[in-house]
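Two complexes, one shared chain (chain A), two partners (chain B, chain C).
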Partner chain A sequence: MSAHVGTQSLVGDARRRRRRGVNGGSGAFYAFISPWLIGTVLLTLFPLGYALWISFTNWDGISPSQNWIGLENYADALAEPQMWASLQRTGLLAIAIVPVTICGGLGLALLLNEKVHWRSGLRMLVYLPAIVPPVAATLTWKLLFDRDSGAINGFLAIFGADAVSWMTGNTVFIVLIVVMLWGIGAGVLINLAALQDVPAELHEAARLDGANAFAAFWHVTLPSISPVLLFQVITTTIGVLQTFVPALLLSPANGAAAITAVPEANRIFMVDVYAQYFAYSRYGYASAMLWLFFLAILVVTVITFKVSGRTVFYAVDPSEEGKKK
Partner chain B sequence: MNIQKHVSRRSLLGGAALLAGFAATGGALTGCSASGAGEAAKKSAGLTIMSKANEITKDVIGAWNAAHADVPITLIEDDPTRLNAMLAAGTPPDLVRGFGATSTANVASRGLALNLDSYVSKSSALNDSELHKINDVWRWDGKAQGAGARFGLVKDWSQDAMFWYNTEAFAAAGIPLPTADKPFTYDQLLDYAGHMTKQSGGKVGQYGLFTTAPTIEAISSMLATSGARAFNDDLTKADFTSPEAMRALQWHVDVAKAKVGYTLADPNPDGWDWPPFDARRIAMAGAGYWFGGAVAQNPKTAKFARLAPAPMMGNKRVSPTTSATGYWISAKSNMKDEAFAFLEWYVAGDQGKTRAQSGWGLPAVTSLSSELPQSQPYQADAFAVQKNEEQYLQVISFSPYAQATAVSAAIANLFPRTVDGSLSTAQFADQATTAVNELLKQGMELAGKKG
Partner chain C sequence: MTLTAHRKGTDSGAPSEIPIRHIPERKNRVAFVILLVVCAILFLPVLWLFLTSLKSPQQLASDPITWIPTPPQVQNFIEATTALPFWAYAANSLFLSTVCGALTTISSALVGYGFARLNGRGKKVLFGILIAMMMTPPIITLIPTYLLFAKIGLVGTYWPWVLWGIAGAPYLIFLYRQFFAQLPRELEEAAILDGCGRLRIFVQIFLPLSKPVIITAFVLSFNGVWGDFIAPQLLLNQDNTTLAVAITSGYVNKAGFPVNNLLAAGAILYVIPVLIMFFFVQRSYVRGFATSGMK
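This part shows the complex of A and B:
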């Protein structure tokens, strides 16, 4: 009996402690996260839900009324060749940008991680383009590629080449790629930080085992920084898929006319979405496009994670991290 | 303290729901308070104007605030996206800048703009006898533009199919100068532009023609000279497959293929014609009288710049306005009286007089016409050409079921493929008709009409 009373008392104490914990500890927890949570609800979840609602209507953005049309916008988008063309261009852009950004960033980081003269200055020079405002960088490139007065054509003229109309036709896609690769220095910084975090004793052990530089890189450095590389692959891919500003800035027109003047070669997905919203006033259709794109990015991200499971090395298993030993 | 172990998934979700509810309730409460004390709060906030900072300048705002301290101005930079958002939220600006030629039907038929008739009938500065007939572009009778109630007022205007030309470029190419009474045809323009275009090594030294684009405004202006129209009588359908419309489209394609001016296939890097015209990189600039304000900035350019009448595609002389920039007052404004008072002050008062004297457009009230600049030769010439041109002014009705930018974008989308030969002009016309009619159909559905 007394044992039973004792057990009851312990259980009661535990419940009281748990209640106190919930009321006290979680209160502080929610107080700390509330700015983020309120921001997420108001600035992310609500707009997402609103865009989802609009995607089922034919709203034009200005009319006081909107009609429910079900999945018609989704069906239209999937049947629209222009949407598939813009998706294809976006995919091409990702294929052109992501590998070069990741590999180039890593290569530069490896070079800048060596003990070379002027290392700090070189690091600063490589990183400098990443801190130039994208608008300034893009407009500068636009001037450099100008057909009639740009430096690129001036350089080509030295070799007797005719001026190239870089900003029209398919060549403007090359300009877009150049503009986007200009900011490769941001990845260099992340890779440098990761490289400096690789335990020196691992390299020492590899050297003692007779590994040459490439073998040490392949078997020690690369696995050690693979989680950082995965992070870059995912964020760069998502960033490239959502590219909008450089393509818009490379438009030959300014102001409200800029979006419709974007050359066809640069009509990537987000440009198409923006045009549907604000040039064609097809808010419902554009919202449907965005939701389809969201699903596509989700699929790409999941595939990347699945593939990376076999290639990324974690010093601590992420599924085990944080668990009580 | 280890907070993490005290938070279960259930309590996390519960807390999140509580916060979300709080946030939503907070939003609702904010809405309640806004609607409750709305009018008083709005009045104290003053007039909200959506316009361009280079038009409603700090000086303009300062002058207004000095005379109307109780109605301060808040300027919102002209931004169609933001306007849509403000309309959707039910809090539009009190005054909105717009192009009367293409936005009247749209904002009037949707009930967004205030009917100004009662204000105009009582106004001493902006009454029917004072207002220039250009203000008719802001009239809408439910079926067509040009008649019915007034839903906005022009601030300055021009006949936008006119163009400016470089007399020296014309003389160098041996081309006769256009005169006020005998406009060029579009075919002549194309031919003359070819003679004045200078290219070498893939670089363009000078284009002969002004920047062109097959916008709905440009096509409508061309069609008007043939007595034709892009829209049907009730403005519910567009047709670009008529012989006249096909001819207008073909002209734009010919210009792009001939490479005698900036087009959508070879866009103007400056975005408008003043910089290349001033730098003698184009021999013609596509703009009406207002361009004289820019010409005044450079005495060298003022020596060779002259204004020409609107070219003709057919035999009927028509010189429309495709903008008639002005303002409409929001039907939901709490400051309608103050907004109209601002229009009186800005359009017909000292501000209007100053603008007229600058040459940046023609005044919207007849009493200010005498203020237009005529001291320099180019100004006197432009004044005379403009005075003659005014008799050919015509209001071209635009459909209320789509926005002009959307219609023009639908046409522009097909243009590069026509220029590179992927589409024939007939296919261009056919597909443009389909695309624009799809937009009109959507607009009609929203207006509760069957397409």
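This part shows the complex of A and C:
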């Protein structure tokens, strides 16, 4: 028994020593990643766990005590028509934005990859709206869609149209979509880098085979950059699903009153969650919504990864090559 | 003409190709025109923001609307900085963005180096968690974090940004990792034989090589904090909040209605640092993406 333990530890020692070679032992690894590791535990996992615990209670955010009510909040949420309505609006927003952003971003990158005049200037202009902070972007469009002084109504008035109250009623949803589509250039830099990585020989070969531009794009370019596109589809979708600030700032009211004044049409999922917390003090219920949302995003991400096969995000890792353990 | 330089491999190198450069390159006119139209559409809102910021209250209220304000009311920009304590809020934003940005840049580099160059038990699982963190919407953790910070008295202080900075940002860690992972192994082999410690290897060999990524990381995290609305809205109060929060509610008249010309001027002043920063570092920023981006 003791001999057994002895050999085991010897083997362990040897393995450890071998591993230490270039890459160092576990100690160095953990020392380097400790800021993130500790941060993740304290600032991500712990708050998530805290929200999970609240979601099983009827806490109102003020009372010193709360009751454990099990899954009641989850049952309430799933039975709440307003929750489904906000979820539906969020889905609609994703359908309106994700395909246009992905295809548009790719299209712009393809155009910018051509030999064109003022290429770097145009690239900067396409990218410009994407770096404007969401607060300023939303305010800018709010001014454009202003009923009395906005350019959109001013333009429509030239054709004799009456002033439209864009910021109230269902039209505010259109404004929200426009605000978010403005950042269409966000993926252009990544796409351009990916396009420039497509081996030139492949295009040459396709050309010699008599492929036209479209066929070359479909059979050569698209497969080469698909990992980059997949990554963008996932991040853009998650980005749209969690949309909150533009919807809040398009509210006609300011400050604390803004959240309850968000027009019905813009009551997307995170707006609903935020209102449940801070306007209606239903902390337990809101936490349950937050967790349902978290689980949904987890599921969507895992499915996308699985369906698309092995993802190629992190292909290179010199520390692992040639030592498949 | 069929031999002109629209083949990628031919524009650099052999002397025989030099004459080709004198033949004007065939530019794609169709692509140029489409791009021009798209850029015009994307830029119009910015133009409108400028025009609005230069209008007088009368021009704002005119019917039909005033397109070009004459004379331009340049003093709106001064008024925008006095209608609310603009510079105090700007200083808050600058402080938070710089501190949090610098901390994030440093700690993400450390963690990225760890994931790229070192081995340890459970590395694969931890890397999986990192990727999962990249996909987790920050707002999901922000609200419960706020509730916890309220309990331990961190609401109303800048400490949360210090903590977030030290913890690093998953996306930037990933960016660094991709960059460090593709550097050759020989870089540290010699140093290890010389008895160089890990931290020294990181600081003296790897950091100097990663300038473009460092700049990219700092710009992204600085702009992230500068542009963030919801964390300061939840965690700070009216005296110590950031510009992002202040401009959304500061420019109102006595009746509570927004004053659009000052709002536009304030928004422009708020965006300018972000734009300047971006355009100054544009080249290394693009390089940072190109060499270590999502590939």
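Note that the second predicted complex is superposed on the first by the 283 of 325 C-alpha atoms of A that agree within 3 Å, B and C clash if a C-alpha of one lies under 4 Å from a C-alpha of the other, contacts with A are read in each partner's own complex, and residues count from 1 in each chain.
One rule holds in what follows: a contact is a pair of C-beta atoms (placed from the backbone, for glycine too) under 8 Å apart; a residue touches a chain by one contact, two chains touch by 3 or more.
Just so it is clear, the model here is predicted, and its values are computed rather than measured.
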| query | Do chain B and chain C fit side by side on chain A after the overlay, or clash? | reply | clash
| message | If you tally the residues of chain A touched by each partner, is the higher count for chain B or for chain C? | response | C
| task | Considering only touches as defined above, state whether A:78 meets chain B (first), chain C (second), both or neither. | result | neither
| query | Thinking of the overlay built on chain A, is A:197 touched by chain B (first), by chain C (second), by both, or by neither? | reply | second
| Between chain B (first) and chain C (second), which does A:29 come into contact with in this model arrangement: first, second, both, or neither? | both
| request: Would you sort A:132 into first (chain B), second (chain C), both or neither based on which partner it touches? | output: second
| A:293 contacts which: chain B (first), chain C (second), both, neither? | second
| request: Classify the contacts of A:215 with the two partner chains as first (chain B alone), second (chain C alone), both, or neither. | output: neither
| request: Could you tell me if A:242 is touching chain B, chain C, both of them or neither one (first, second, both, neither)? | output: second
| message | Output check: A:261 vs chain B and chain C. Expected answer is one of first, second, both, neither. What do you get? | response | first
| task | Considering only the touch criterion stated at the top, classify A:58 as touching first (chain B), second (chain C), both, or neither. | result | first
| task | For chain C, sort through 115-123, 169-177, 205-213 or 259-267 and name the stretch that clashes with chain B after the overlay. | result | 115-123
| request: Could you give the residue numbers on chain A that contact chain B in one complex and chain C in the other? | output: 22, 24-26, 28-30, 37-38, 42, 61, 146, 148, 153, 157, 254-255, 277
| message | Please output the residues of chain C touching chain A within their complex, sorted ascending. | response | 6-9, 25-28, 31-32, 34-36, 38-39, 42-46, 48-49, 52, 60-61, 63-65, 67, 107-108, 110-111, 113-121, 123, 126-127, 129-133, 135-141, 143-145, 147-148, 163-164, 166-168, 170, 173-174, 177-178, 181-185, 188-189, 192, 198, 202, 223, 226-227, 229-230, 244, 247-249, 252, 256, 258, 260, 263-264, 267, 270-271, 274-275, 278-279, 282, 286, 289-290, 293-295
| task | State the interface residues of chain A toward chain C in the complex, per the touch definition above. | result | 19, 22-33, 35-40, 42-44, 46-48, 50-51, 54, 61, 108, 111-112, 114-118, 122, 124-126, 128-129, 131-136, 139-141, 143-144, 146, 148-151, 153-154, 157, 182, 184-185, 189-190, 193-194, 196-197, 200, 203-204, 227-228, 231-232, 234-235, 238-239, 241-242, 244-245, 249, 254-255, 270, 273-274, 277, 283, 286-287, 290, 293-294, 297-298, 301, 313-320
| So in the complex, which bits of chain A are touching chain B? | 18, 21-22, 24-26, 28-30, 34, 37-38, 41-42, 45, 58-67, 82, 146-148, 153, 157, 162-165, 167-168, 251-257, 259-261, 263-264, 275, 277-282
| For the chain B and chain A complex, residues of the former touching the latter | 1, 3, 5-7, 11-12, 15-16, 19-20, 22-24, 27, 80-81, 83-84, 87-88, 106, 110-112, 201-204, 264-269, 271, 281, 402-403, 405-406, 408-410, 412-413, 416-417, 439, 442-443, 445-448
